[in-house]
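Next come two complexes built around subunit A: one with subunit B, the other with subunit C.
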Partner chain A sequence: MSGAYGGVAVAAVALATVLVGALGLRVSRTTDDFYVASRTVRPGLNAAAISGEYLSAASFLGIAGLVLAHGADMLWYPVGYTAGYLVLLVLVAAPLRRSGAYTLPDFAQDRLESVTVRRIAAVLVVGIGWLYLLPQLQGAGLTLRTATGAPRWAGGAVVSVVVAADVAAGGMRSITLVQAFQYWLKLTALLVPVVFLLLVWHGDGSPGGPAAVHATVTGGGTGPHPLYATYGLILATFLGAMGLPHVVVRFYTSPHGRAARRTTLVVLVLVGAFYLLPPLYGALARVYAPDLAATGDPDAAVLVLPERMIGGTGGGLLGALLVGGAFAAFLSTSCGLTVSTAGVLAQDVLPSVGVRSFRWATLLAVAAPAALTLSAAGLPVADTVGLAFAVAASSFCPLLLLGIWWRGLTPPGAAAGMLAGGGLALGAVAATIAGWPRHGWPQALMAWPAVWSVPVGFVTMIAVSLATRGAIPPGTTAAMHRLHRPEPVPPTPRDPAGVPRAARVPRPWRGAGR
Partner chain B sequence: MSAQAGVPLAVCALACGGAAVLGAVLDRVSRAGGPRRRPGTSVACRVAAAGEPLRDGLGPAAARRTVRALRPALDAVAVCLTDTHAVLAWDGPDEGRRDAAMRDVRRALDEGRVVVTSPAPARLPGDDASGAVLRLAAAPLVAEGRVLGALAVHARADGPGLAREVAEAARWCSLRLELAGLDALRTRLRDAETRALRAQISPHFIFNSLAAIASFVRTDPERARELLLEFADFTRYSFRSSGDFTTLAEELHSIERYLTLVRARFGDRLAVTLRIAPEVLPVALPFLCLQPLVENAVKHGVEGRPDHGRVTITADDEGAQARVVIEDDGAGMDPARLRAVLRGDGGPRTGIGLANVDERLRQTYGDAYGLVMETAPGAGMKITVRVPKYRPGVRATPTGTTPPRGPT
Partner chain C sequence: MRREVVTGGRCDPSRGAAGATDTEPSTRDDARLRALVRAQLRAALTAVAALAVPLGALPLLLDRVPAVSRTRIGGVGVTWPLLGVAGYPLMYLIGRWYVTRAEANEARYQGGCPDQEDGPR
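Let's look at the complex of A and B:
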C-alpha cells in the first residue's frame, strides 16, 4: 500500500521537476513587457535556489539517520553545513561575484592568469562533483527500496536517467526557478509530517530519555576517536561549502557583489530553518524506530517514521510526501552538480565546444558516479558527503581564501597547494571508499582527512608562494582591486525633473493610439 | 585584442627566412677571419630572438631585454638602443660611454645608414696591453619608412663584418617594430570600426524617431516626453566611449529603448516578444553586439511590409554559455547573398553591422562563437549568438545604466 503511494510520489516529483524545467521557461521569462533587463534574479529567489541545490540527500535523510545511530554529537553536521555559508558570506561571496568567474577554474585563471592552475582546479571540480553525486544516487536507491521494495540500484538508476535526460535536453534552462521550487518542496515535505509526528508523540505522553541508549554503532559516525572526528567534520563542513562547484556557479547570477552577499545571508536563514527539522526526525526515530540503528539502515529513519507512528492511509500519505521530498533532494542536488560538472568537463576536459560536447559531458558526469554507486554501497550517506566537503575544503578553500585575501599567492603555489591538499584528501577518500584501513587511528585519519589535509593545503600554498615570489602574476594588483572594490551599483536612473525613473510604472506594450 | 592567427605565422616564416640569410652572412664573416664561432645558425637564432621584446613597441623595458640578449649573441663589448633623442637601454661596461652614446649614433639617425666609428675611449681598461681597439657600429631602426631609433654596438671585431652584423641585427629589430606598428594599426582600425558602428545609428532611425515623437507632442505630450528621454538614453549608450564590453542587461536595456522608439513609429504593425532568462543578465559581452542584429530584424521583419511583423528576442542559460536568439518573420534572405554580406561586399549599412558583429565575436571568443544565421527567402531570419559566461579579459566596464544627468 505504502509502496504505491511512494511510487506515485517519486513519479510526481520527477514529473514536476521536468515540467517546471520546461514550463518555467514561460513563467520565469517576461514576455511583451518593458524593462525586462532590469529584472535580475532577486536575492530571495537566488537564495532559495542555492538552498534547494545545496540541501541534498545527506541533509534530508542522512542527518536523521546519524542522530538516530549516534546521538546528539551528530548535530555538528547540520551546524557545519549551515556555518559553511557563514564563512562564505564573510570572506568569499562578494569578491567571488566581483571576479566575474562562473566556475572555480574560471576564478583560478582570472586571479592567477595561469592555465595550468585552471586545469588542476577543473580536475578537482570534477572529482568533487562525482564524489558528491555518489551519495545522492545511493540515497535514491535506499529511498526507492524503502518506499516500494525496488532493488537498491533502481533508485540511483531512476535519478541518473531523469537527471541526464533533463540536463542534456536543456530542460534545466530555468534552473533557478526549478531549484527554488525544490527548496520549498523539501521544506514542506519535512515540515508537514513532523507536525503530525510531534502531535502523536505528544499524545503518547512525550516519551523520551530511555531510547537514548538503544543505538548500536553500525559503522560510520565518529568511530573510536569522536573528538578528532568531530574536529574533522567541523573543519570540512565550515570550509568546504565554498568549494562546492554547484554552489559557486549560482553566485554568478547575482548582478553585483552586494547582491551576492545579501543572497548568502538569505541562504543562511533558509538553510538554518531547514536544518531544524532533520534532528527532530532523528530524535523521534530514537523513540519509535531504534531498531533501524541496529539493522543497518538508519538513513531510512525519516521515511519509515510516519508508518510506524501513525500508520494507515494517513501514515502512508505522509510517508509518500517524505519520499517525494527525498527525491526532490536527490534530483535538485544531482541536477545542479551535473550541470556544473558537465560544464567543466565540456570546457576544460573534452576537446570541442558546442552543444554536443556538453551532452557527452553530461553523460560522463552522471555515468561515472552511477558506476561507483554499485561498488561503494556501504558508507552512510552523510559520511560520503562529508568526504566531498573534505576534498573541497583542502583544495578550494585555500585557493579562494588566499586568492582573495593575499597578494602574495603565485600560480606555482596555488597549484602545489591544491595538489597537496586536494590530492591527499582525495587519496584518503579513495582509501575510505575502498574500505582499506578498518580500525583505529588509520581509519579515523582516512575517514576525517580535513584535520590534516586542510592545513597541508594552506601551508603548501603559502610556502611555495613565498619560495616563488618572482612568479606573482603581473595583474595581481588589478585583480585585487577588482575583487575588493565595490562596483558602482547602477544608480537609480533619474530624469531631468529629478523624478526617479523607477517610479514610472513599467508598462506593457501599447498601441500607438492610446 | 588578440593577434590574428596569420601574424605569428608570418613572423615565424620571416624569422626562419631571415635567420637563414643572417646565418649565411655570419658564417661567412666568421670564416673570413674572426674568431671561429659556433655554427652560424645558432648565433642567428639568438640575434633573431633578441629582438622579440620589441614586438610590443620601442620602450625602455623591451629595449633593456633586447640589449641584454643581443650583447652575448653579437659577442659585443657593449650594446645600446636609443630612440631618436635618448638612450633607452645600455648593456655593457659604462665609463661614460653611455652618455656619449647619443652623439655616437647621431650620424646613423640622421643619415639612416650604418656608420662605423671609433668610440671616445678607444680601448677598454684591461685591453691596453693587448692592443685590441674598440669599434663602434651604429645602425638606424627603421619602421614604416621612418627612423625610430638606433642600435649601437661596441665590439673588438673590425672590418665590414661588424657593420654587416649590426646592420642585420638592426634590420631584425626594425622588423619587430614594424610588426608592433601593424598591431597598433589593427587595434586602431578595430576601434574605428566600433566607433563607426556607434556613430552608425542610422540617420533614418533618428529622423523617423524624431518624426514619431513630433506626432505625439500635441496629442500626448507626456508620451512624447518619455519618448524623447528614451531617445536621449539610447543615444548616450550608443555613443558611450569607454570600454569594449558591457553586460547583457545593459545591451538589452538599450535594445528595449530602441524598440520603444521603433514601436512609436510602427505602432501595432510591429509585435515584439522578449523572453529573457534573468540568470544570464550579468553575462559580459562585446559592446553593441546585439543592437545591430535587432535593427536588422526590425528592418527585414517590418519595414517594407504592409502587414504585421514580429520580432522575438530570447536569452537562455546554457550552463557555461548564454544563448541569445533574435528572430523575425520577415522576408528572409537568400543565403548566398547573406554570405556576401558577411564577407563585407554585400550591400549598404546593414551588412557592415552584421559583419562587424560577427568579426568582433570571433575575435573575442574564437571562431566557434561566430554568428549563426538561419534564413531563406520568405522564411524570416533567425540569428543565434552564443557567448561564454567567462572568458579571461572579457569584463564589462561598470558604468551605471544611466549616469546622473546634470541639472539642465
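Let's look at the complex of A and C:
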C-alpha cells in the first residue's frame, strides 16, 4: 500500500496530538488540573472530548470489519455503544457529577464509606482499563502494518509512547483538547473518503446491491447461538458504558450536574452521527473486498477500500486520511484509558500523592498492556472490547445504579456484588481468551457473559445488602442529598469570565444541533 | 459574593458549595428529596423502557418472524435502515425528553425553596 502517505499521516496525527496536548501543559498546574481539568470544561467541548475518547479502534475499524464478515446483524454493536450513553444519561450522569468524586473508587468510598469497597473498585478499574487498552494497541499494530508494512509491534509502541508523553505532560486538561480535536478528525477521516467511495460505487453502476449486502461472507454469524449472542451484546453495551473507567471520569469535568446531562445529550448526537459511517464501509467492503473476510483481517477493510476502489495518488491520499483517523482513534481512547487507570494507580496503589506520583502511574498504566501486546497472541479487536464492556456491566453498573438510587446498599453488599458479577465476568473473559470452551452453549455462555453475570451482580448486591441491613453507612441520607439535590446556581468558582454558567449553557436541543 | 448567597439557603442549611461538610438533613428536607428522587427515577425508567422495549423486541422479531426479516426498504433488508439509521434519532429524542423532564423535576423541587429558586441576578 501507499507506505509513504500512511507513514506521514501517522506522524502528523501523533505530532498534532502532542502539540495540542502541549497547549494544555501551560495551564496544567495543580493536581486538580491533572485529574479533571478543574471541572471547567464546557458542554460542547466536553461532549466532543467524550465522543473522541469513546470512539475507539472497535468503532473506527472493528464495526466495518464485523459488517464485512457477518452482515447487518453486527449493526447491534454501534447501536449498543450509543444506547449505553443514553442509559448513562438517564440513570447516572447528573448524580455521578454531583458526587464530586474523581474516579469510580472515589465514588465507591464516598457513597459507602468503606476502604475495602474502594480497593475492589480500584482493582476492577485497572483490570478493565488494561483489558480495553490491549485491543487499542493491537489495532494500532494492524493499522501501521497495513499502511506501511511495519512489524506488528511498531504501531502499539508508537501509541504507547505518544500517550504516555501526552498524559504525563498535561493530564486531563491536555487530553480534553486532544480528544475534542480527535473527534472531529475521526469524523472527517471517515466522511471525506466515503463520499468519493460512494461516487465510485455509483459510477460502477451500483454493483452488489441487496445480494452482496445480504449474503453472509463467512457464515456462522456470531457463533452457534446468534440470538443469545445478540442479547448478550445488547446487555453488555447498554449497561457497560456507564462502568467504563475512562467514560465515567469525564463526567467529573462538567461544571455541574445539569451540564453533565446536557453534555451527554450532545454526546448522543456526535456519537450517533459518527456511527452512520462505519457500516457504509462494511457494506462497500462486501462488494469490493470480500476476500478480507476469508484471509482473517476484516478489520483492515476500512483502510484498504480507497486503494481497491480508486487507486493512484487519490486513493493513496484518502487511505492516508483513514490511517490518520484510525490512529486518532487509538490515541484518544488510549489517552482516556491511561488517565483513568493512572489516576486510580496513583491514588490507590502508589504511595505518594501528587503530580509526580501521577506521572509514574501513567508509565505503569501504559507499560503493562504494551508488554501484554508484545507477548500475547492477537485477539480480535471487537471481541476484547466487548468483554471489557461485559465486565464493566457486571460490576460497576450494579454499584452505580444501586448506589445512586437505593438507600439500602451496604458495603458488604457492594463488595460481594462487584466480586460476584465482575469476578464471574472476568473468569468468562479469561476462558474465552484462552480459547475454552470451543463449542455449543458453553462457548456462547462464556463469550457473552453479560446475560447471566449482570443479574448475578445485581442479585448478589441486593441480597447481601438486605442481609446486612445494620451495615448501612450512617452518611447514606447525606450522600443521597449530595447526589440528587440540584445545584441552586451552577457553581462557577473558577469560571474565568465570572458569568454564571447557566447563562451560557444552551438549551439542550440548540446545543445539540451545533 | 455569589457563593455566600448560594450557601445561605433557608430551607436547607446543609446546602453548601462543593467541599462543605454534610450535616444530617432535616426530616422535611429529606421528605422533599425523596419525592425528587422518586420523580427522577420514574423519568429515568420511562426513558429506559422507551429504549429497551423496541430495541429489545427487535432481535426476537427478526429471528422468529420471517415476514419481518424478509421485508425490504429501498432494496435492502429491513435490518440495515432500522439498526443503521433509525435507532439514533430515536435515542436522541428519548434523551432530549428525559433532560427536559429531569430539569422540570428539579425546578419543581427548588420551587419549594424560594430562596434558591434561581440564584442571584
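Operating definition for what follows: the second predicted complex is superposed on the first by the 448 of 514 C-alpha atoms of A that agree within 3 Å, B and C clash if a C-alpha of one lies under 4 Å from a C-alpha of the other, contacts with A are read in each partner's own complex, and residues count from 1 in each chain.
Keep this in mind: contacts are C-beta pairs under 8 Å (C-beta built on N, C-alpha and C of every residue); 3 or more make two chains touch, one makes a residue touch a chain.
Bear in mind the structure is a predicted one, so any value in this text is a computation, not a measurement.
J.: Under the stated touch criterion, which partner chain does A:113 make contact with: subunit B (first), subunit C (second), both, or neither?
T.: First partner only.
J.: Contacts for A:342 in the overlay, against subunit B (first) and subunit C (second): which applies, first, second, both or neither?
T.: Once the two structures are laid over each other on A, A:342 reaches subunit B alone.
J.: May I ask you to decide whether A:481 touches subunit B, subunit C, both, or neither, giving the answer as first, second, both or neither?
T.: Touch status of A:481: second partner only.
J.: Can A:102 be said to touch subunit B (first), subunit C (second), both, or neither?
T.: Only subunit B is touched by A:102; subunit C is not.
J.: Which holds for A:176: it touches subunit B only (first), subunit C only (second), both, or neither?
T.: Once the two structures are laid over each other on A, A:176 reaches subunit B alone.
J.: Touching A:89 in the superposition: subunit B (first), subunit C (second), both, neither?
T.: second
J.: Per the contact definition in the header, classify A:258: touching subunit B only (first), subunit C only (second), both, or neither.
T.: second
J.: Going by the contact rule set out at the top, does A:276 touch subunit B (first), subunit C (second), both, or neither?
T.: It touches subunit C, and subunit B stays clear.
J.: Classify the contacts of A:163 with the two partner chains as first (subunit B alone), second (subunit C alone), both, or neither.
T.: Once the two structures are laid over each other on A, A:163 reaches no partner at all.
J.: Go through subunit A and flag every residue that touches subunit B in one model and subunit C in the other.
T.: Touching subunit B and subunit C on subunit A: residues 100, 482, 488-489, 491, 493, 509, 512.
J.: Residue numbers of subunit A touching subunit B in their complex, please.
T.: So the residues of subunit A in touch with subunit B come to 25, 28-41, 100-103, 106, 109-110, 113, 170, 173-176, 252-255, 339-340, 342-344, 346-347, 353-355, 358, 482, 487-491, 493-496, 501, 504, 509, 511-514.
J.: Applying the document's contact rule, which stretches of subunit B touch subunit A when the two form their complex?
T.: Interface residues on subunit B, with respect to subunit A: 220, 223, 226, 229, 233, 248-250, 252-253, 256, 260, 263-264, 266-268, 271-279, 281-282, 284, 316-320, 366, 368-369, 388-390, 392, 395-396, 398-405, 407-408.
J.: Over in the complex, which subunit A residues touch subunit C? Could you list them?
T.: It is residues 72-73, 75-76, 79, 82-83, 86-87, 89-91, 94, 100, 209-210, 213-214, 226-227, 230-231, 234, 238, 258, 261-262, 264-265, 268-269, 272-273, 275-276, 279, 283, 405, 475, 477-482, 484-486, 488-489, 491-493, 500, 502, 508-509, 512 of subunit A that touch subunit C.
J.: Where on subunit C does subunit A make contact in their complex?
T.: Residues of subunit C touching subunit A: 2-3, 6, 9, 12, 14-15, 17-19, 22-25, 29-30, 33, 36-37, 40-41, 43-44, 47-48, 51-52, 55-56, 59-60, 63, 72, 75-77, 79-80, 83-85, 87-89, 91-92, 94-96, 98-100, 102-103, 106, 109-110, 116, 118-120.
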